[in-house]
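One chain, subunit A, appears in both complexes that follow, with subunit B as partner in the first and subunit C in the second.
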Partner chain A sequence: MDTSSLGISYHAILPELITATAAIAIMVGDAVARKISRRTAGLLALAGCAGAAVAVFSLWGETGPAFYGGMIINDPLRLSFAIVFLAVSTLTVLISIRWIEDEGLPAGEYFALLMFATTGMLLMASANDLVMIFLGLEITSISTYVLCGYRRQDIRSNESAVKYFILGSFSTAFLLYGIALIYGACYISGAHPAATTNLQLIRERIADGALFSPRMLMAGAAMMIVGFGFKVATAPFHIWSPDVYQGAPTPVTAFLSTGSKAAAFASFSRVFILTFAAASVMGSPELRELQSAWTGVLAVMAILTMTIGNLVAIVQTNIKRMLAYSSIAHAGYALMGIVARDWQAVAFYMIGYAVINIGAFAVIEAIARRGDIRTSLSDYSGIGFRSLGLASVLSLFLLSLAGIPATAGFVGKLLVFKSAWGAGFHMLVVIAVINSAVSWYYYLRVIVLMFFSEPAAEFNPPSLTKSLGVALVIMAIATFYLGLLPGRALALLENAKNQATMIVAK
Partner chain B sequence: MVPLSWYLILSAALFTIGAVGVIVKRNVIAIFLCIELMLNGANLALVALSGFFGDIGGQLFVFIVMTVAAAEAAVGLAIIISIFRTRESLNVDDADTMKL
Partner chain C sequence: MNALTLIVLAPLAGAIFLGLFGGRLGERLIGFVASATVFISAAASFYVFFARLLPLPEESRVIHDYLFTWINVGAFRTDAALLLDPLSGIYILFITFVGFLIHVFATGYMKGERGYWRFFAYLNLFMFMMLVLVLADNFLLMFVGWEGVGLCSYLLIGFYYDKTFAADAAKKAFIVNRIGDFGFALGVMLLFLKAGTIFYFDDPARGIGGAFNWAMQQPFESLTAAAIFGGGLTTIAALMFIGATGKSAQLPLFVWLPDAMAGPTPVSALIHAATMVTAGVYMVSRASSIFIHAPAAMLIIAVVGAATAIFAATIGLAQWDIKKVLAYSTISQLGYMFLACGVGAFTAGIFHVFTHAFFKALLFLGSGSVIVALHHEQDMRNMGGLKKYLPVTFWTMVCGWLAISGVPLFSGFFSKDEILFNVYSSTQFGLVWARVLWFVGAVTALLTAVYMTRLMVLTFFGERRSSSGHSHGHDHSTPHESSRAMTVPLIILAIGAVVVGYLGIPEGLSGGGIPNYFERLLEPAIATHAAVRTAGNDVEAGHSLEWILTVVSSVIAILGILAGWRWFRTKPLWEPPKILEEKYRVDEAYDAAVIQPIKAASTGLLWKFVDVRIIDGAVNGAARLAAAVGTGLRYMQGGLARAYVAMVVLGALLIIGYFVTK
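Presenting the complex of A and B:
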C-alpha cells in the first residue's frame, strides 16, 4: 500500500482534533497556572465545542472515500450525530459551571474529561472500522467512569463509579469478542487473502456471500448486540443504569443519559443498519435470515426495554432514579428506529431527547443544591409557586418527555413510530403507544406535586446563575423549535438519507 | 499443527470463565481480574485468527486492546481505592446505598 492511498486528511478529523486540543489545553492550563479559574476552564470547553461545530458544518456535504486507510468516514450519519454530541457537550458545560463552583470541586480535570469524552463520542460516529468503534467507545467510557466518581467524598458517587466501571468493562469485553468473531468470519481466501474489521469491506463481503463462516458472523453480531445493548441501557442489560444515574453528579447524569447513549446509537446504526442491513438486501438467503434474526431480537428488546422502564419508573421515590428509568424507556423508543432501519429518526430522536432531558436535569441540579441532597420526590411538593420559573420549565421538559404535541419529544416519537409502522412492525408501535400513555402518569405526578400539593419543608428558591439561565432558555426554545418547526432539521436529515442511499448503492 | 478450532474453543472457554466469574465473585478486585480474563479471551481469538489467516490486522488490534486495558486498569483501580476509602470494604454486596 502506497502512502497516497492512506487518505490522510486533517480536515476530515477536524472536529475530533479541536475537541481533543481543547481538552489538552484545559489540562495543561490547569497544571501550568496552578489552578485555572472555573470560568476560564468552562469557556475553553465552550470554545472547543463551538469550534468543533464550525468544523462539522464545514464538512457538510463533503462525502468522499474513507480516510486514514478506511478508518474514518465522513458521511451524513457521522455529521448528524456529531451535531447531537456537540449540543450535548455545550449544554452540559453550561449547566456544570455553577454546579462545580457550588461543590468547590477542581474544574480543570472536570472539563478536560468532558471534552475527552466528547472526542470519543465523535470518533464513534465517524468510525468506519470496528477497531475505531472500539477505541472511540473506550475513550468515552474511561472518561465517564471518572466523571461518575467525581465527588470523591460522597459514597453514592463512589458506588456509581464502581458499578459503571465494572459493568461498562464487562460489556466492552462482549463487544470486543464480537469484533474478534466478525473479524474471523469476514476472511476471504484467494489471490489477496485477508480478514478484515473494515465496515465497508465487511458489507461488500456479506453482499457477495464470500464469507469464511456465516455462523461466526451471526455469533459476532449477537455479541455486539449485547455490548451495545449495555451501552444504551436496553433491557435486559439495563440493570446498571438506575444506580449509576442516581449516584453520579447531576450534570454527569445528564451527559451520560443523552451523550453516551446517542454515541452508542450512532455506532449501533453504523454497524447494524449501514453495514449488516445494507449488505443483506443484496446477499444470499442465509444472510437475509441473519438479518431477520437480529431484527426480531432487537424488536423484542425494544418492547422489554420500554415496558420495564415505564413500569418501574412509576414506583420510584427519587427523581433522578425516576428519570433514569424514563431514560431506559426512551432507549426502547429509539431502538424502534434501529429495528426499522431508519437512523435519521434515531438521530432526530436523540437530539430532541438530549435537549429536554438535559433541561430536566438542569432544573433538578438547581433544586438539589450542594451535595445533591434534595432529590427525593417529596422535596418537590408545593415548590411550584415559590419558584415559578424553574417549576414551569421543569414542567415543560417533563411534558415533552411524555410526548406532548408541539414539543421536541412529540416529533421524535412520531418519527420513530412512523418508520416502525412503515417497516411493518405494527405490534411494536401499538405497544410503544400504550407505553407512552403509561409514562404520562409518572411525569404528571411530579407536576401535580409541584403545583397542587402542600409544601412539605421550608424551601428557599434557588438563585439562577447566568450560565444556567442561558442554558435553560436555549433548551426551552429548542424544545419548541424542534416541536413546532422541525422542517429544517428534517430536511437536512432527508437530504442526508438520499446521500446515504447513494453511498450504499455504490 | 494445532487446528484453529482448538484456539477458538480455548478463547471461548477463557471468556466464559471470566463472564461467570464477574457474576459469582464478590470482591471488586476479583471481578476486575475476571474482566481482564474476558478481554484476554477475546485477544486470543484475535491472535489465533490473525495467525491462521496470515493477516496482520488482528495482531495490531490486540496491541490496541492491551493499551486500552491498561488505561482502564489505571482508572478502575483508582475508583476502587476511592470507594474503599469511604466504604472500607471491597465486597460488592455492601455497595447498596441506592435501592428501589
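Presenting the complex of A and C:
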C-alpha cells in the first residue's frame, strides 16, 4: 500500500497539528524553564489558535476525498465548526490570563490542557470515522476533567471534577457501545471491509438497505444520542452540568459551556445530519425509519431541555448556576437546528452563543475575584454605576442571551427557529418562543439588580487587565457585528451549504 | 463615501478615543480632542453645505452618501447611507457650530470634575448620534440615531450618578422616552407596510423607492377622528408624532425635561435645548409629505403645540431654579415650533429651531456661568445684583433675553413673528381654529417676555441676596467672571442670537423686495400644499396683514418686558400662585394615575399571583414532579453523583427502548 492511497496529507490536519504543537511547546517550555511565565504560556496558546485559524482558512474550499484511510475529512462542516472552536479557545485564553494570575496557579499545564482540549474538539469536527470521533471526544474530555479541578485547594472545584469524570466516563461508555453496535449492524459478509466505522460507508450501506441488523443500528443510534446528549447537556442528561459548571473555575466553565458543547454539536451534525439522514426523498425504509426516530426523540429532548433549563434558571440565586441552567436552555435551542437538519444554523448559533456566553462569564470572573467569592446574585445589586463599563457589557451579553434584536443571540435564535419552522416542527418553535420569553425574566433581573437597586454593602470596582479588556471589547464588538451585519458570516455558511449538498449529491 | 461620512465619523472617533484612553489623559488634552473632533465635523459641514450643496440647481439639491447595505431581506432593505439636503443641511450647520461652542464652554465648566474624560466621551458620542439622526437617508437609521441620542441623554443626565436625584432623573427621561419611541417605531412599521419602503426619497442609482415619493401620490385624508384610526397616512403621522412628543417634551410626555436639568449645564444647553429636543420637529418636517396628507394629525400637532407652549410658559413664570425656568421655557418654545408645523408652516418651525438653538444655548450657558460663579447655586432667590460681578455673562444674556422675548430686530423676533403670521393666516382648520391658536401663541409670547424678564431681574439686578445659611451682608466670596473658555463661546452665541434672524426676514416686511432667504432655501426639501400657502393667493393683502401682525407682536414683547420689569423690580421675591410653582402637580397626577396602579398591579398581580402562584408554582411543581418520579429511585437527591447516574440510565433506557421497539 503506497502512501498516496492512504491519503496522507499534513495540510489536511494542519489545524490539529498546530494546536497540538502549541500544547506540547507549552508543556516542554514549562518543564525546561522550570516555571513558564503566564504571559509566555498565554501567548503561545494564542499563537497556536491564530496559526490554526490561518490553517483553517487555507483549507477553505479545498474539499477533497477523505484523508488517512477515510479517517479525516475536510468539508464545510469541519471548517465552520473549527472556526467556532478556535474562537472559543482564543477568548478563553484571553480571559484566563488574569484569572491564573489572581489565583496564583501554574500556567503551563493550564494552557497546555486547554490546547489539548482544542485539538480534541478540532478532531471531532474533522473526523470521518466513529473511532476518530471517539478519540477526539476523549482527548477533549480528559483535558476538561482536569481543568475542572484545576483549583486544587477548592473543594467545590474538586467536586466538580470528580462528578464530571464519573458521569462523563459513564456516558462515554454508552457512546462506545453505540459505536460497537453500529459497527456490527453494518456488517456485510464478503464485502471489503466486512464491517465498518467509516461514516461514508455506513451511509452508503444504510441507504442501500444492506444491513446486518436494522434493529442493532437503531439501538446503536440511540446510545450515541445518549453519549452526545451528555456532552451537549440536553435533558435528561443535563443533570451533571449545573454542579460542574458552578464548581469549575469560571474560565473553564465558559469553555465547557461553549466549546465542549459546540464540539458535541459538530459530532451530532456529522453523524446524525450527514450520515443518518436521507439526502433526498429517496432512501431505504431503514434510513427513513431511523431518521424519523431520531428527529422525533431529539425534538422532545429539545423541548425538555429548554423548558427545564429556563424554569430552573429562574429560581437560582448564584449567577454561575443561573448561567449553567441558561446554558442548558441554549443547548435546547441549538438542538432545534439539529432536529431541522440545518447544521449551518447550529454553527452560527454556537459561534454567537460562544461570544456572548464567554463574555458574560468574563465579567462574572472579573467581579467574582479570587476564589470565586462574589458569585451570588445579591453581589450584583447596585453595581451598575460603580462599575459602569463592566455592568454595561454584562447587560449587553445578557440581553443578547435573551435574544434582543441587533445582537448575535437574536440572529442565532432566528436562524434555528426559522429552520425548525421550515422543516415542519411548528409546535417546537412555538414552545421555544414561549421559553425565550420566560428567559427574559432572569436575564433582565440581573440588569435591574445592577442598575436599579440599592448598592450592596462594599463594592470596589475591579480593575481590568489588558487581556481581559481586549477580550471584552472583542466580544462586545462581535456581539453587535453578528447581530447587525450577519450577512458575511451567513454568506460564508450558505456557501458552505451549497458545497455540502454537492458533496452529498455526489 | 464622501465628506458627509467625515462629518459623522469625526465625533465618533473622538468618543472611541476618549472612551478607551481618556482615563489616562490630562484635562487639556481631553478637552482639545473632544472640541477638535467637533470642529472638524463643523468645518466639513460648512464646506459640504456651502461649497457642494448650494451650487447645485435648486430642485436637485440632494447629496447621497452610500456606505453599505445594512439589511436586505426580501422586500425589506435598509442602507447605512447619508443624505444631505437643505433641511438636514441647516440642522448639521447649527448642530456642529453650536455643538462646538458648547464643547469649548464645557472644557472650562467641567474643570476639575471627576469623570472629565467620561463626560467628553459621552458628549462626542452624542454628537455622532445626533448627526446620524439628522443625516440618515431612511427611517431605520434615523431611529438608530434617535435611540442613540436618547442613550447619551440618559448617560449625561445621570452623570452625577452618586446623586440620587440625578440617577432618578436619568431613569425618568429614559422611561418616558421609551413610550414615545414605541409610537415612532409603530409608525415606521406601518409606513413600511403601506409604502413598502422606509427610505425617504427615490434613488434610482441604488434602485430604491422612497416613502415620500409614495406619500405624495396618496390622496389627502379627511379631517376626522376616524382617519386617525384608519390605518392610513393619518395613523402613521399620529404614531410618529407620539415619538416626537417624547423626544421633544410635548404634552403629555414633557415631564422628563425639567428633571433632566440634573445633568451638567453644558448638557442642558446642547442636548436639552439646542439639538436633541428639536429632533421631533426635524422628524415631522422631514416627513412633511406624509403629514400634509393627514390633516387630522396636523390639527393634533397644532393643538398639542399651542397647549404645551402656554402650559409650560405659565409654569416657567413661577420657578425659582434658574435652570428650571429655562427648561420650561424650552418646552414652551418647542410647543411653538410644533404649532408652526401643525399649520403646515414647516419652514417657520425650522427657522425657530434654528434661532432658538442660538439664544437658548446662550441662555443656558449664561446660567451655567452664573452657577459656577456662585459655587453651584441655582436658586434665583439667592442671586440678584450680579450685573457688576459678571459683566460679560450679563451683557451676553441680555442679547438672549431680548431675542427670546421677541424684541424687534433680534433673532427670536423674526422666527416667532413668522410662526404667528402663519398660524393667523392658516385656513385648513377653519377661521376659528386659526384665531384661537394665534391667540394662544400671542399670550405665550407675552408670558415669555414676562418670565424671562423675571429671570434677568432676579439674577442680575437689584441687591445681592445671599442664601439664608450665611446671611452676613458681605459675602466672603465675591463672584468672579468665568474663564475665557466660557466667555468667548458666550460672546459668539450672543452675536448669533442677534444676527441669525436676518437670514429669514419675512417677505412682507420688506414689501416683497427681499424674498425670505431661509424659506427659499428650505422650499425644495419641504412638502407644502395649496391650502397652507394662503398668502400666496393675495400677495398684497398678505403683506399688509404681515405688517399688522408684526406690530402686534412687537407691542406684545415690549409690553411683556415692561410689565415684568415693573413688577419684579419692586417685588423680586413675589410668591407666585402655588399651583404654578408646583407645576400643576402633573408629576403627582402621573404618579397617582399611572405609577401607583402599575406598582400595585405588579405586586398584586404579577408578583403575588403570576410570579408566586404560576411561575413559582410551576417551578415547585416541576421540582415536586421530579421528586415524585424519583421516589422509585431512592437516591434521587440533588448533588449525589449516583443519583445522576441513575437519571442518565433512566433516560438512556427510555430512548433506547423507543428506538428498538419502533
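One rule holds for everything that comes next: the second predicted complex is superposed on the first by the 493 of 506 C-alpha atoms of A that agree within 3 Å, B and C clash if a C-alpha of one lies under 4 Å from a C-alpha of the other, contacts with A are read in each partner's own complex, and residues count from 1 in each chain.
By definition in this document, contacts are C-beta pairs under 8 Å (C-beta built on N, C-alpha and C of every residue); 3 or more make two chains touch, one makes a residue touch a chain.
Since we're looking at a predicted model, the values are computed, not measured.
Visitor: With the two structures laid over each other on chain A, which partner does A:Tyr481 touch: subunit B (first), subunit C (second), both, or neither?
Guide: neither
Visitor: Looking at A:Ile166 after the superposition, I want to know if it touches subunit B, subunit C, both of them or none. Which is it: first, second, both, neither?
Guide: Both subunit B and subunit C are touched by A:Ile166.
Visitor: According to the stated criteria, A:Tyr68 is in contact with first (subunit B), second (subunit C), both, or neither; which is it?
Guide: So A:Tyr68 meets neither subunit B nor subunit C here.
Visitor: Would you check which partner chain A:Val297 touches, where first means subunit B only, second means subunit C only, and both and neither mean what they say?
Guide: second
Visitor: Between subunit B and subunit C, whom does A:Leu181 touch in the aligned arrangement: first, second, both, or neither?
Guide: Touch status of A:Leu181: first partner only.
Visitor: Could you look at A:Val315 and tell me whether it touches subunit B, subunit C, both or neither (first, second, both, neither)?
Guide: A:Val315 sits against subunit B and subunit C alike.
Visitor: For A:Trp421, decide between first (touching subunit B), second (touching subunit C), both and neither.
Guide: Neither subunit B nor subunit C is touched by A:Trp421.
Visitor: Taking the superposition as given, does A:Pro236 touch the first partner, subunit B, the second, subunit C, both, or neither?
Guide: In the superposition, A:Pro236 contacts subunit C only.
Visitor: Give one of first, second, both or neither to describe whether A:Arg215 is in contact with subunit B, with subunit C, with both, or with none.
Guide: second
Visitor: Which residues form the common part of the subunit A surface touched by subunit B and by subunit C?
Guide: Residues 162-163, 166, 170, 174, 243, 315 of subunit A touch both subunit B and subunit C.
Visitor: Quick check: in the complex, which residue numbers of subunit B touch subunit A?
Guide: 8, 11, 15, 18-19, 22, 28, 31-32, 35, 38-39, 41-43, 45-46, 49-50, 53-55, 57-58, 61, 64-65, 68, 71-72, 75-76, 78-80, 82-83, 86-87, 92, 95, 97-98, 100
Visitor: Write out the stretch or stretches of subunit A touching subunit C in their complex.
Guide: 162-163, 166-167, 170-171, 174, 215, 218-219, 221-223, 225-226, 229-230, 235-237, 239-240, 243, 289, 293-294, 297, 308, 311-312, 314-315, 385, 388, 441, 452, 484-485, 487
Visitor: Touching residues of subunit A toward subunit B in the complex: what are they?
Guide: So the residues of subunit A in touch with subunit B come to 131, 134-135, 138, 142, 145-146, 149, 152-156, 158-159, 161-163, 165-166, 169-170, 172-174, 176-177, 179-181, 183-184, 187, 193-197, 242-243, 246-247, 315-318, 321.
Visitor: Which of the residues in subunit C come into contact with subunit A in the complex?
Guide: Going through subunit C, the ones touching subunit A are 70, 72, 158, 161-162, 167, 171, 615-616, 618-619, 622, 639, 641, 644-645, 647-648, 650-652, 655-656, 658-660, 662.
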